[in-house]
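Common to both upcoming complexes is chain A, partnered first by chain B, then by chain C.
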Partner chain A sequence: MNEMTDPTVIGQRTPRVDGEYKLTGRAGYTGELHVEDMLYGYPVPATIAHGVLTSLDVDAARGMPGVVDILHHRRVPKLYRSPNSMGHGDQVSEIRLPFEDERIHYHGQYVALVVAETFDQARAAAHAVVARYRQEDDARPSLLLTDAEGDLLEEEGDSRGDPDAAFERAAVTLDETYCIEAESHLQMEMHATLAEWRGKRLIVHESTQGVVYQRNALARTFDLPQEDVEVISHYIGSGFGNKLFMWPHAIATAAAAQLVGRPVKTVLPRQQDMLTAGNRPASRQRIRLGAERDGTLTSIRHDSTTETSTVDRYVDSCGGATPSAYACDNVAISQRILPVNHGTPCPMRAPGEVSGVYALEAAIDELAIALAMDPVELRLHNYAQHDPQSGLPWSSKQLDKCLRSAADRFGWSQRDPGIGAMRDGDEIIGYGMASATWSAGRQPCEARVELRADGSVFAACGTQDIGTGTYTIVAQTAAELTGVPVERVDVKLGESSLPAGPLSGGSMTTATTLPAVAAAVRDAVDALKEIVTKPEGAFAGVDPDALQVRDGGLASEDKHISFAELLAMHDVASVNGKGQAAPGGEQEEYSFRSFGAHFVEVRWDPGISRLRVSRVVSSIDVGRAINPLAARNQVEGAIVMGIGMGILEKLEYDPRDARLMNSNASDYRVAVHADMPEVVDVELLDYPDFRFNEFGARGIGEIGLTGVGPAIANAVHHATGKRFRTLPITVDKLVEALG
Partner chain B sequence: MRTFAYARADSVERAVDAQHAQQAGAFVAGGTLLLDLVKLDVMRPQQVTDISALPMKEVAFVDDDRLRIGALVTNTDLAHHPDVRQHYPLLSQAILNGASTQIRNMASTGGNLMQRTRCPYFRDVAAACNKREPGSGCDAMQGINRMHAVLGGSEHCIAVHPSDMCVALAAIGATVTLQGPDGTRDVDFGNFHRLPGETPHQEQDITDDELIVALTLAPPLAPQGAAYVKLRDRASYEFALAAAGAMISLDGDMIGEARLALGGVATKPWRCAEAEEILRGQPAETATFERAAEAALADAQPLEHNAFKVPLARQAIVRALRDATRDAKEGHA
Partner chain C sequence: MKDYSEHSPDATVPVHLTLNGEPVSVDVTPNAILLDVLREQLQLGGTKKGCDHGQCGACTVHVDGIAMNSCLRLAVMCEGQEVTTIEGLAEADGRLHPVQQAFLERDAYQCGYCTPGQIMSATAMLDDERIASDDAAVREAMSGNICRCGAYRNILAAIQDARQQMQGADPARSDLASEVRS
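For the complex of A and B:
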């Protein structure tokens, strides 16, 4: 492997190459796009969560100004359910097709799609569609409002040793249940689809985290050859996981365009986006720990239940990180899912594991208190020097450095562990900490690179930039390997017709895409070398392997000629390179994970029951950060999201009928600027992981969120003496427990 | 959203006349409320009269030291007006605790008085709501009522009045001037908002063809301390779970005059007259504040999810009275 040990562009703080486009409004997001003859779609959402559509009167709406057509269960083109396979790349978010039948499974389920000449006409007509329902009274509003156990998933289990026996023998035990309410992604940009049929071909602009997956899924749904479908997504206003796989609105929009023979654009309004396009499901997790008096963990059991919908089987695997978290001989995890009357849940930033890490790290804090041990010491005492589940060595693990460095910068040693022992005016100060972790994965990927006559480099890959900075790191990669400045690299992403690239998910995009781009650069350079070393070439007689790439050109001894000059000299318009990369044998030799530590200070004013997060100090070990500017931004943003999870965010379903009652950005509360801690101190450790890839980079999108919730809950316990085992820890709970 | 006719009024008289001639008309100024509810299909005006260009943007003292505020003065301008900051600091504080900068830049004084509840069942046309559709019932009563009122509710409605500004106005005292087809009339602010009773859809003492033209504040309490304590789920862009606005004048260590009003816990801006009575002439200390807080919440009727608001409102009161007292002392020094 070509270990990139001394890069000059990679690893540098690099402003986003697409920043100017975004700032000036030239970056066209799906909802802003317009094509000739385009119509607007507006869905009609079911107003009940459980029952049957008994009648649908569209006559009045059909006659309203501008209305062209209305799709519903009796007027929809033939559609096919996608096979929904991760392996074949046609996974969808909700297996049920729109308008399949009259059954209503969740509040907001589409019962019709109005298509009209303008957005306003479509919306007005949607309000005029009259749907009648027979509501059934056994709706299930939330996992956390029922004792139902759910279905046990055998394939999600994992175990070693004999945790039951070890638990029975343990000197100190803990057996507690931790819950998290359902959360919304509340991504900035709403879901949007613009579908256009050109003859038999289907062209879809979509705000998606996976153009290739959506292309494949659309081809299956409309029974088209894959090459007759193109999905385009040049700019995405984030997704946090709810844009990974296709949702019904995209199918409905493409079906509408087919039916009326004109392009149709649907932009989901916020309410419908929150109702129909996924959420982090609520979780209930029982953690049982056994330990020796000295803190040695002897048993870990982690039994989780998460919500799914009644139309699909979404699994938010909470226990994923647990088997590898601590050096403990006896571990078992299990996973159940329980159908509720919500739209199908979907991955949300660090899906499953962020919930699991909350439960485990809160339990470890409780154990530390039971043992009268410092929680940092307890973690170090049970430090997993290798992956205890696989038995493999870690490719690179710097968690101990994270714990010590963050503790140092935070001032953990100044902590008085007594409950409520630290005060400042009206406020009691609480300290809490937790470890962070997220798997490090990579996928097969292809890319294409051109060295062009004007001296620029073109790089393309069928992945997409969801706002995290993928354009920029691809440009950095091409710049690093050619010596052409970043500004002279043109990057094309977000088209399914480009060489197949990965989903923007699982914190895998960086480690997946860059090696393929690097391979494509080398392939292009090799092609150029071949040309220039021919007998009539500029470097005739030079061994191609002796030619060096330097400063945007090729060099041999003291002779340097730029790519542009070389192409001109040889009368070549451009040279092309193709690259592919995939994980290899290293996967059998090492375990790959990212690690981190969060230290949190909360302030609790008991006189007015006010809790706030005042300081967060974090150290994160993700190998090398390709672009530290964007990487830090990912962790800071994740910390903000973690504050939401810790003390604010909750989807509120009416306990009587499972209708979602806070589907807007006011009543569903994410942290705002005023909730920001005074201090957010993020350190990115720089230990390149060359066992993972030549860049030494693991992913960074998700790890920052893991551990924030438990660190907050642990700090709240320190401040108040009360252990809150359900997130978010809201004012009502604080008053009821402490008032 | 349904289509509506739109016209811009060039005088107060013509605005009122236009409104008088219509069924289902509405005035729009900043639009921060109306447009939101029109998009949700909760309000369905057929004719919207834009009053934003009318000359109702002055803030000035009239006769006996009463500050008169034009109905179109924006929340931002009012909160930062030097006379408001100097003589009515509670009003300034309360406004700046509400909404967001962007909304305050658009929202008008008159519009704030006409603000409608954030009850999610009111805002969802598929739900039963006596306020939106008289006689349809109240889904909040047995539903999610964490945000709802513990004071002033009826079996027909428990929706909270959401305004912060109006809490300060309740404490300060004011007169609302309305103009209708037959001229102007004044309504005492304390009577302007109505309790829901059996008619929760009748929210204010105003007819469909009347326009709020101005608000005149009671003379400032002086010398005074003021404090607005707003307790809420997040720190900004968030409605109150409980808010208390307090004004205190001191006579040595004793309370002279006291004013207290609550927000976030009642169906209208909630003046606490009994609590004020308890405070007057008593030592400005925690025990007194706590007695006042007890009295203010004595009639509270909590529901399934909002019982926490009772102790929370007491805390808001005690803290507001403490901080207002401190403010008064600093003012004397």
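For the complex of A and C:
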């Protein structure tokens, strides 16, 4: 029996259970926490990107009011590098420890951390630290400013068939290179750490997408038993990937707290956050396509290069979605990385695949034009009915419905494909579309649930809510399975001491967490049944399996008693349920992926050189949306970020010395209210994927971003006749190309 | 505003203001920023720091009824003024302000970090007769408040709902955010 075929709470639009805290300022994000005797940390960033720290004069700063200590490479407690293993859960964002040596690898690398009584004092003293450098002149400023090829990663490559030979034989071919500039996550809350030592125990409040990973990594770094480290993160001002794994500021802050014997709080200034705490690396991707005249794809080659730093090897695998994208017998992908003098890149929303989908879907658009085919038809013509990479059937794939439904609502059939053929007053209108996709992943997870005598339900899991709505969907799950109202469910997340839960990343949290919560609910119900069916129990003599859970209580054929009453009758405060869940044999039987389609209208006004996105119509297939209110919001927000990727966002590194030139929220441009298209029409298809998990949900954080960039680029081509193959398509590029 | 030009930068001076309706005296250094005084000295964390440069709007508060970036304002400038933060917006009995309530119902946020600033800007804007009520005018007026989660569509819908609510009408389910396809 599947209890989730006709749910009453799951799948309902549900206001966030943590909403009032966020709306009234009481939520308590890391940077605004206070503990007794707390000091403030303020890092001193390197002002060069490549060279050596030749001297560091901290004497003047040390003597300033309120300054308690200054950490640097000659004054730092013994630290160890984390083993940095995904498998063992101690992955970090940057393997180099803070203050390891005098080598400077990137602009903003910490050369010191000032610790003072107040924030103002720490900042003032940080500005008074005098660092001198020997800058070296062979800094590498960006992948896109060099012809260097980078290092080929054999393990990231894949192929089937003979794509080279098929390309040579193909009637129609395309061979183009697509680039995306480096991007900043620019999550609204900067990274923040509050570290406190209680004896040999380390308690860290961190704005993180992974309390368990950071707990493990801190234990390795400070050579502590894992049990003596606690990481807490109740509210997170988002992260989009740059808070998945620990960064050096957290280590520096905990080290400072250890050195001075008092709690220390460090909130990265925005500039330092952008310099040191992750970015989406620039990518350069060569796509080669071969096709028959009727549009049948015969060869796909996708060769990608992305940036990493000189202190770590981050791989933003672009080609991941390509082998499964189209029914094509001959496919090859490859991946290279090139070290540059930037802070270490890290995953950013739909990491790798969003870049790869851009290149592939822009190339498919170019191929459609070469074939004089409608780009929607070309995609449907090469539709992958099963996963051509694994050979397995899809668990559920509704991409064809997405393409047709979104095309219909958009009015694609009214498109005049001629370049610049559609006008509205002074504006030239361009239509573009692209497919969206993101893998559906799931991890092992544990959870704990209590049924309490006050009638409430308590649910706990060591995962996080980064704004996606995890608190709410956990509450919905417990409510669905107990019949207790959502508002009577207390959810605790974001503590590493809770049952081990997943990273908030990869769109895996929902599918990972909810089955474990469900198992814990059932275990708690079993614990209650065990009590009440004892000889002295309220349901004495009743077969536990015959007792139904209904409306917040247990029901036999002749009576219903609430959990609260039952617990009170037996003088029990609560029953406890433990649950765990993990992916199983279904992984050998099916391929799991989410799909979607974006249709975009842009308007180009050549008279005033203005390009804007005026309309986005999307259909998204993610299985079931647990909370459609928050799920639509995720997709709409991803579309906004996609507009940034398409026409606005670019980290600009000085070509001479690799220093980041726009490390602030103004010069790095993101979409604001006024950039919103007049129409954003998101449809969530409702095809629950019960082969993936009992809730039928595949996760929704990333998919909305994939496909937006190429849909915009394709629309710009339709409007202007110019094929821009580097994102973002900024106004200066349009003016240069179009006059 | 008093003249502190001869004052030592390390010494503190008292500032008297009305904060969320209550009289408050706080000793601050002359260069202390209102945002930092609110968050660190007065431990009112609802006002957020997102950039410290007046670029993101997360720190928006009302000073004598006008929305301001508190990161661009010295605390000493607030002598004798009324400062309202997100903590002071709901009713004393906990009832949410109509804008807060509309944000809840419209899911006009995700991570919630820009939300206090969005709400403080929106409440001031709704009181500002110079700003027209159409969607485009609201988008323009709200563009000093970045929401990186991109909940702009729901924020706009929430503001327009609250406008209706505050005018005593039923919340107009504008075509912008009313359709539910789930």
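Just so we're on the same page, the second predicted complex is superposed on the first by the 735 of 739 C-alpha atoms of A that agree within 3 Å, B and C clash if a C-alpha of one lies under 4 Å from a C-alpha of the other, contacts with A are read in each partner's own complex, and residues count from 1 in each chain.
Operating definition for what follows: contacts are C-beta pairs under 8 Å (C-beta built on N, C-alpha and C of every residue); 3 or more make two chains touch, one makes a residue touch a chain.
These figures come from a predicted structure and were not determined experimentally.
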item: Partner chain(s) touched by A:V731 [first = chain B, second = chain C, both, neither]; value: first
item: First, second, both or neither for A:G739, with chain B first and chain C second; value: first
item: Chain B versus chain C as contact partner of A:P655, first or second or both or neither; value: first
item: Contacts of A:A671 with chain B and chain C, given as first, second, both or neither; value: both
item: Chain B or chain C, by number of chain A residues touched; value: C
item: Touching partner for A:H127 - first (chain B), second (chain C), both, neither; value: first
item: First (chain B), second (chain C), both or neither touched by A:A573; value: neither
item: Touched partner set for A:A372, first chain B, second chain C, both or neither; value: neither
item: Chain B/chain C common contact set on chain A; value: 120, 666, 671-674
item: Complex contacts: residues of chain B adjacent to chain A; value: 1-3, 41, 118, 120-121, 124, 126-127, 139, 142-144, 146, 229, 231-238, 241, 305-308, 311-312, 315-316, 318-319
item: Of all residues in chain C, those that touch chain A in their complex; value: 10, 29, 31-32, 36, 39-40, 43-53, 55-56, 58, 85-87, 89-90, 96, 100, 103-105, 107, 109-116, 119, 138-140, 142-156, 179-182
item: Of chain A, residues touching chain C in the complex; value: 11, 13, 15-16, 18-29, 31-34, 40, 65, 118-120, 185-190, 235-238, 240, 267, 269-270, 466-469, 625, 628-634, 636-641, 664-666, 670-674, 676, 680-684, 686
item: Chain A - residues contacting chain B, complex; value: 47-48, 120, 123-124, 127, 607-610, 612, 648, 652, 654-656, 659, 661-662, 666-667, 669, 671-675, 730-732, 735-736, 739
